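In order of appearance the chains are A, B and C, and numbering begins at 1 in each one.
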């Protein structure tokens, strides 16, 4: 009996504490509403990364956070909320309070998830504050393969439809879309082999099980350096700093630009002046040397875009992917 | 009916049937190849595996019936009855703890209360309970929230 | 891997933080291993979410220290209270406890430390020697071969099911079926997700392991608690027998060592077989050593040789299990199953890349394993007499802490409450499996290898344009297929072998 009295006592105390902290919270929020320009007002800002710690996206977000901490003048916490190609983390950002205290790391997948039918969210639900980097797709083959140029490769594919097996990092991934876009623009056909991520696809290419991969240059860099693989074309806006000698597809007269990117956004409905403050701070943070150095070391292209430019760009990509993805025949709703 | 493998066997078959029905009802999970080159569709594997599971579960059930109670798992002695009661208290406590955490978001408070509750279930002394719960909560706070900055929401 | 890689790896390890986490791992591992009911697997499952926040080297320093030390210290409980601290130390209780009752407890504990370290070192050397070549062999492996490998791994279900093959198959099939939840690996079709975004990427594996080996185990212990037995053990502990000398004489060492080297090598091979862990290895090694020993009559009645064989066998498994895990991505036992998960979280995938791109990290892991053995050798010998104290911790103290840590760990992994729910369901399932004597090994294998099995089968068919001949026409795949057929026929052969071995103990330990 005595024990249960103790427990009852503890629970009552607990509820007392809850009610106290509740009133505490409301006081803070009402205060900040009155003076929204007073952002961040010393409060902690959280950056949600939809991928696990230690990965390239996570590192980008963490360096960004430490630079943003300086330019924004407040403590920033990075948390990883992972799962479902990033959908779980992005969902968390979307459903957070649009007050600027929750920023999401936005990968290119944020424009694709809805078309893929994984979730109903899209970049329309967010306001970008900046784009930090891009990472182009590239067509890579074995060094001893008969194709020495992108034209050779396409010419062979045209004569032998379905013969070339192109590995990608999974059905519905940006790298599969890259290969499909090449197919569409040049009128050839490949056999697409989806792997669980880029690394196994590259391993299968090294083992001679497939003939090409459509992944980023940084993911094949080691094997290119060791002389096992060669990059035929880069599918970016500009040449890749990882393989600067390789021409882009656009330079070769094939109009294909597919690249991954990473940016930062807040949920739609965030007050305009808060977004402005964040945009300014993000611009300073992204253009620091530390950020540039880190991006280069990971094989990413440093490529700043302001929030508004990025909003437009994302909207255009969203439209393109929403048309393209259903035609891939992978999603049947 | 608490005899041998009959109940687990039946439950496993039911589990298989649930997956089988779900597979057959979902039009996107095709069992036959969707493309002309003969690669099995998304429903092929779940279909085959659930069929195997139903079959194996049925075999287990029949085996259980044949043994006719010669093998028993839940022998209810006075002590196991007591133990089962405690077990139930722990599971229910765990569920209540998780629910309260999600409802109020006050994680550490409920860790503390849950720890006290567990120690009461295990009949520890009040002094031990207090010291134990305070240190356990403190360790979790220091390791996870201070060192790894994890926010328990 | 070149000398430069090894030197670089060695340099990385000489860092205060790495050394600190290695020691921390060994310390925690010794505690966990010595406490009956806290297995090495449970320790690794609970600690993985924590190490996930360290750098990969620090994380693996801790996990390797913990694992190696936990297997060794499982022998402490086996010797002093006749209860294996971790399933792998089952045969150590046969001889160790007898030695303790003869007043040679110190010697038993000393032999346990020395020969555990020896077994660990030998098998780690095997790992270092053979992992590279095996990995190189896998370069040519395509989806066809990986499908066959996964199937081969799964066929080992039969081997680990102990006495009940049917139950092993049932539970393995259930694991594979559950691995189908989430996005389908080839067409990205949603399967059985019930509208939950969190289920898109499938059931997360580590929360399942935490639930099954953490809270699930606690629930079983609560259910199975026998107060009379507990009091008896408590009394035995109070008797305080003389421990006597700790180190074996030079003559004893010389006569035992060669046999233990053989047993460590055999254990390495057994460890490399998917899902066959330390328990099976020590039973097989102990049984065979008894047959060829000059004094078979002493086995089970306090044979120093028998104890040494068991000690080196259960630690010898580690190198073998790691070889399979790092080269093929198939778990050698339940601990390596979790380690695959933590490697993936660090952005690495087992396979050839571990020996090319991540070669320096792989070298670090191997060196850490060597170091872990040396550290626990020193630590173990220094604390021989103090280690008995760990056994005085009451079970409920452990239960409460494990329950809380499992919840915290499952959440901390991905900051996702859904994982906590998965953990809780796995815990209840794990408890029911234990009560109804279903082996958990096949379930883990099925859940982990199901995805590998399915995606590679369908990927292979994409590449062969739908022709199933690809599985027979490729040589490696064909050899594996033959092996699989043999394995499925083996229960018949095995029945004959098992009859000669202590059957009951095999069943208990799985």
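We adopt the following convention: a residue touches a chain if its C-beta (ideal position, glycine included) is under 8 Å from a C-beta of that chain, and two chains touch if they have at least 3 such contacts.
This is a predicted model, so every value here is computed, not measured.
In this view the innermost chain, defined by its CA centroid being closest to the centroid of all protein CA atoms, is C. Centroid distances from chain B, each centroid being the mean of CA atoms, peak for A.
Once the centre of each chain is set as its mean CA position, chain A and chain C turn out to be 36 Å apart. Centre-to-centre spacing of chain B and chain C amounts to 22 Å, using the average Cα coordinate of each chain. Counting only residues that touch two or more partner chains, chain B has 28, 150-151. In chain C, the residues that reach two or more other chains under the touch definition are 53, 186-187, 189-190, 415, 462, 465. For chain A, the set of residues touching two or more other chains reads 79, 332.
Chain A contributes residues 3, 6-7, 10-11, 14, 17-18, 21, 46, 77, 79, 332-333 to its touches with chain B in the complex.
On chain B, the positions that touch chain C within their shared complex are 5, 8, 12, 15-16, 19, 22-23, 26, 28-29, 33-34, 37-46, 49-50, 52-53, 56-57, 59-60, 63, 73-74, 79-80, 83-84, 86-87, 90-91, 94-95, 97-98, 102, 111, 114-115, 118-119, 122, 124, 132, 136, 140, 143-144, 147-148, 150-153. For chain C in complex with chain A, the touching residues are 52-53, 56, 139-143, 183, 185-190, 197-201, 204, 345-347, 349, 351-353, 356-357, 414-416, 418, 451, 455, 459, 462-463, 465. Per the touch definition, chain A reaches chain C in the complex via residues 52-55, 79-85, 87-88, 91, 116-119, 162, 165, 170-172, 191-197, 199-200, 203-204, 206-210, 222, 330-332. Listing the residues of chain C that touch chain B in their complex gives 50, 53, 166-167, 169-170, 173-174, 176-177, 180, 184, 186-187, 189-192, 215, 218-219, 222-227, 396-397, 399-401, 403-405, 407-408, 411-412, 415, 417, 420-421, 424, 428, 432, 435-438, 450, 454, 458, 461-462, 465-467.
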